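This is the structure I have questions about; it appears just below.
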């Protein structure tokens, strides 16, 4: 970190800062410029918190952090790409995995029919919410364990793997029994208690980016899971909140090459939530693959117009299948299979 | 809601939409304009979800929601201001309550000394975190129940009431035993499981606005708590995330008169998190009162430069006391006590 | 537009609104719901401004616009894609055009050498700023007409076409003499005086999206140029401002399929400004093509580390050439040439 | 500035950077940390641009700017508050000036009647647009010079001073003849050509903050005007663009104490645009004064419901007058007159 002193900081103010820095077992490198004095702090990052309060000391203008706060999630910690094993599948390698299915598990028929169709179109993982985070308390909240059982049945019937969301620490136990990949949703990206809970589970975690989370905060959320012992984290860009209102969210595809540069973790994209209108999902899915995504999360419903949630952003199986054909060509250009 | 058909929508497409609307027990009012046909939907709002999928029907351009989705939290539901009873105090009436104290409960001495000083300066409620949501897994995570006991001891010693955060559904039970007001933090504003859990508690809930929550989403979070049976919700504006980087957040004081217009719930402001630098906290605290806030949440630390968290935005007791003097004058102009 | 009355609006308030609407030559369709009365307004959109003030009338809750405010730029106005003729080139057709070159024209040698190299790599248009919008008054402001002459010389030498920015109404005359495409920059997207000035010119206009412009506002800026008589507008997505700080901007690729849906105008992307770091430019360029972009604007400098501006986001000719090879493959998958 | 090298940067990469820094006449202070090497750059800031390209050099992770880029506008340059003389008035001193009037000059009657009424309520400056920046080319664009003449007539009739916007470099000459204060609008905050033009004028400039301008960029726009010789700049916070849609903009009152800390220039607020609904304007006006604003810009119209623009955010004279009474009390608490 760098401590910037105010213009005209007094010698004793500068010395007081140096004393605090050195007292925390860190080194202070002082650069006296024409305009301002700047103090570089070097040493064991674990001691940094002890000097963060420095910003309040007299004569201090501001503290500028320099180093990345995440460790286990960083490329510095691990140079090669992480391959995340999810059941029999590997996420992050040469094969792009498409996770497809309805927003919510609604019924046995709906789920099994969708599963069959996305399987046929080339998806390898079935998505479907049994516990649903809904903006309104009056909206459908999910079939809960009954939904999990239906997902397991669909897996049995099709051979697809399963990804489903957990929202409550108390439900982690039951969700992990059924699913292959545990999803932590956007609204829970900084639900640190939940992150700690899934850090103890031996299933991979699909970590969605928070609605207004910076890439650094997102990687820090991954760090929570990894620090607890679960290194199998799949990052999922799903659109951030911006001022634009025509689209539901703003799918930040910049995050894909950036996370792959900063981290060794695999990154997938969710264009369905990212743009929020089915019409534009194929274009964004293609773009995500071209940007380097390791996979996709796509909402598919056999009858979007009667879906209990997210119908407007769901593809029907025919459109999904056509999209998959295009994605295969882009994947090939990227040197990957799909 | 209003259904906007595409330019050139065919008659049978329009009719299909009308059929769906009427099939859901709703009325369709069709307006055929020169450019586009628009269908107004009238009827019991509880039937609306059934027609939401309409956006996917052929010939439909978009759905425009018209009515507010919140009910119990709305002024329409309750015309007069809600007075929230918190222990012996009333939030939302003629008295502005200042909740002050450290970001985190660190030790017995720190907390009791701070409590005494904020009490003397005129605060009526002591704030202090026993469970801390921290961006980094390597940061101090709170004293947990030990912290709650210290808060209770400080209440005993000073007569102050207490507000403290709960992050985990499993901790609601113990937190409610100790505190007068339960705080739901920014990062948990859409932790719907937690909202439901505190909706069953007979303690008032201080609901912080999410980092990127619209006012409507924030009121929907209050609706979750109210729908579960707990009508004692205090809204707390604490700064939203914008592109500005000089301040930690952007305290959105617009939200104060707006929430008081749309809802009957009391609204307070947290200028400490809202602007993130102690130097500017008094100005924003004054502005919040002038905008109509019913109270304030202020971080105060006996030694901000050694605070374990949020030192840069904490006032020391001397500055806090001076600020309170100024706030009293603004409160008086607003026809309130402090 | 739809006029939403407050809950409990009085009959005479509703009638007053109807009177105003009808007085403006428009029709009012009244829907009386259980909760609120809603009035749909139908008729000649040119009369709408006369009833906009309605929002202030007693009993009115809000006005909800329904129809798109842009006409000439809309797909409703023109169903087929517009092909913009720029010199001998056609933008918006089967060929993807890459516009490449330095941020600023710095010298004859720099420009000609860059021109030769981007030409060889497959670019068809040379970009280069002669008039530079710089955040600081102390930064290099461009070579002005001397820069334009160098651009013309580079065109002569290479056969490339030219695109360059105009910032001042008074400079439109001279810029149009030299350039094939006139660029209106991000910061001038709502410089309406400049938009009107270029609307009288017989050269195509490349219109960059404003830093925080919604897609609708961006299309309204195009409408300004088209309403003045110049229908040759090329839309350019170049990154919007979000809360993310790791990237310079957030390239909003969602805008590409959305603009192509709402409008008939061609759309290109500027990944150099969009992400702001050269390392990530190829990934975003590929993604833009896969999302459906009609072209790209790429910063290339023979020596990025000594560039007078935007070095960090500029590719050197070797990296640019390698990127072009990848883009060609994506373009082919998209059924286009490059 | 600080240059952060990548983890594992090689010795020769570090040396190459040092050579470049020293070659630009700057000093390099190298700190070799356990994780990364960091190079502090000290010396004449005017030489900084020459090393910005360093970010592209092999082994460089990023460049972190440390010092403020603005000089003339900074508190470092001038410690005491600037008092801006506008005709016979002083902005930035003990008197809070309220600038009130219609969005647009519509007619002689409208303007003179409004002028008389705002004068009577206590305003000292009349606002009114003669040149109007409108999102749509089909909206009323202003009365232009005829509007300026009417403003001058209103000044004659009431003794009020005048502030009006200039949008075009070619109109600066005529606008300055009529007005006491030249307004540069939000959409032109980074119209650098216009900033340079008004930097040569002997009239004070009211500089509105751009819709998505950081405080630093806003102060850099002021720097443009001051660098050209015109030190009489009044900063005007008018709301930034955020994700919130209920309010037209998000009035960022944090900017008031922050700008007054970083700069010596006076700062006023425009709550009319800032929140965009007349109902909430008085609350935000009070808050702005309480936050330390030196003045206000308020839209007042004798008949908001028939205003040609911005009716929804305009107060009528009766409400304006009532608001002024409240503001006087807040001003008094702040130790100021109004």
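Every chain is named by a letter (A, B, C and D) in the order it is written, and numbering of its residues begins at 1.
FYI, a contact is a pair of C-beta atoms (placed from the backbone, for glycine too) under 8 Å apart; a residue touches a chain by one contact, two chains touch by 3 or more.
On a predicted model such as this, the values are computed, not experimentally measured, just so you know.
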item	value
Chains touching both subunit B and subunit D, listed by label	A, C
Maximum centroid distance from subunit A, chain identifier (CA atoms)	D
Distance between the centres, which are taken as Cα means, of subunit D and subunit A, whole angstrom	38
Intercentroid distance (Cα basis), subunit C paired with subunit A, Å	30
Rounded Å distance between subunit A and subunit B, as computed from the means of their C-alpha atoms	26
Contacts with 2+ other chains: residues of subunit C	212, 241-243, 245
Subunit A residues within the subunit B interface of the complex	20, 46, 49, 52-57, 63, 69, 133-141, 167-170, 187-188, 190-193, 195-196, 211-212, 217, 220, 223-224, 227-228, 241, 278, 304-308, 311-312, 314
Interface residues, subunit D side, partner subunit A - complex	2, 4, 7-8, 27, 29, 31-36, 38, 40, 42-45, 64, 66-67, 76, 212, 241-243, 245
Complex contact set, residues of subunit D against subunit B	212, 214-216, 240, 242-247, 250-258, 261, 274-275, 279-280, 283-284, 286-292, 326, 329-330, 333
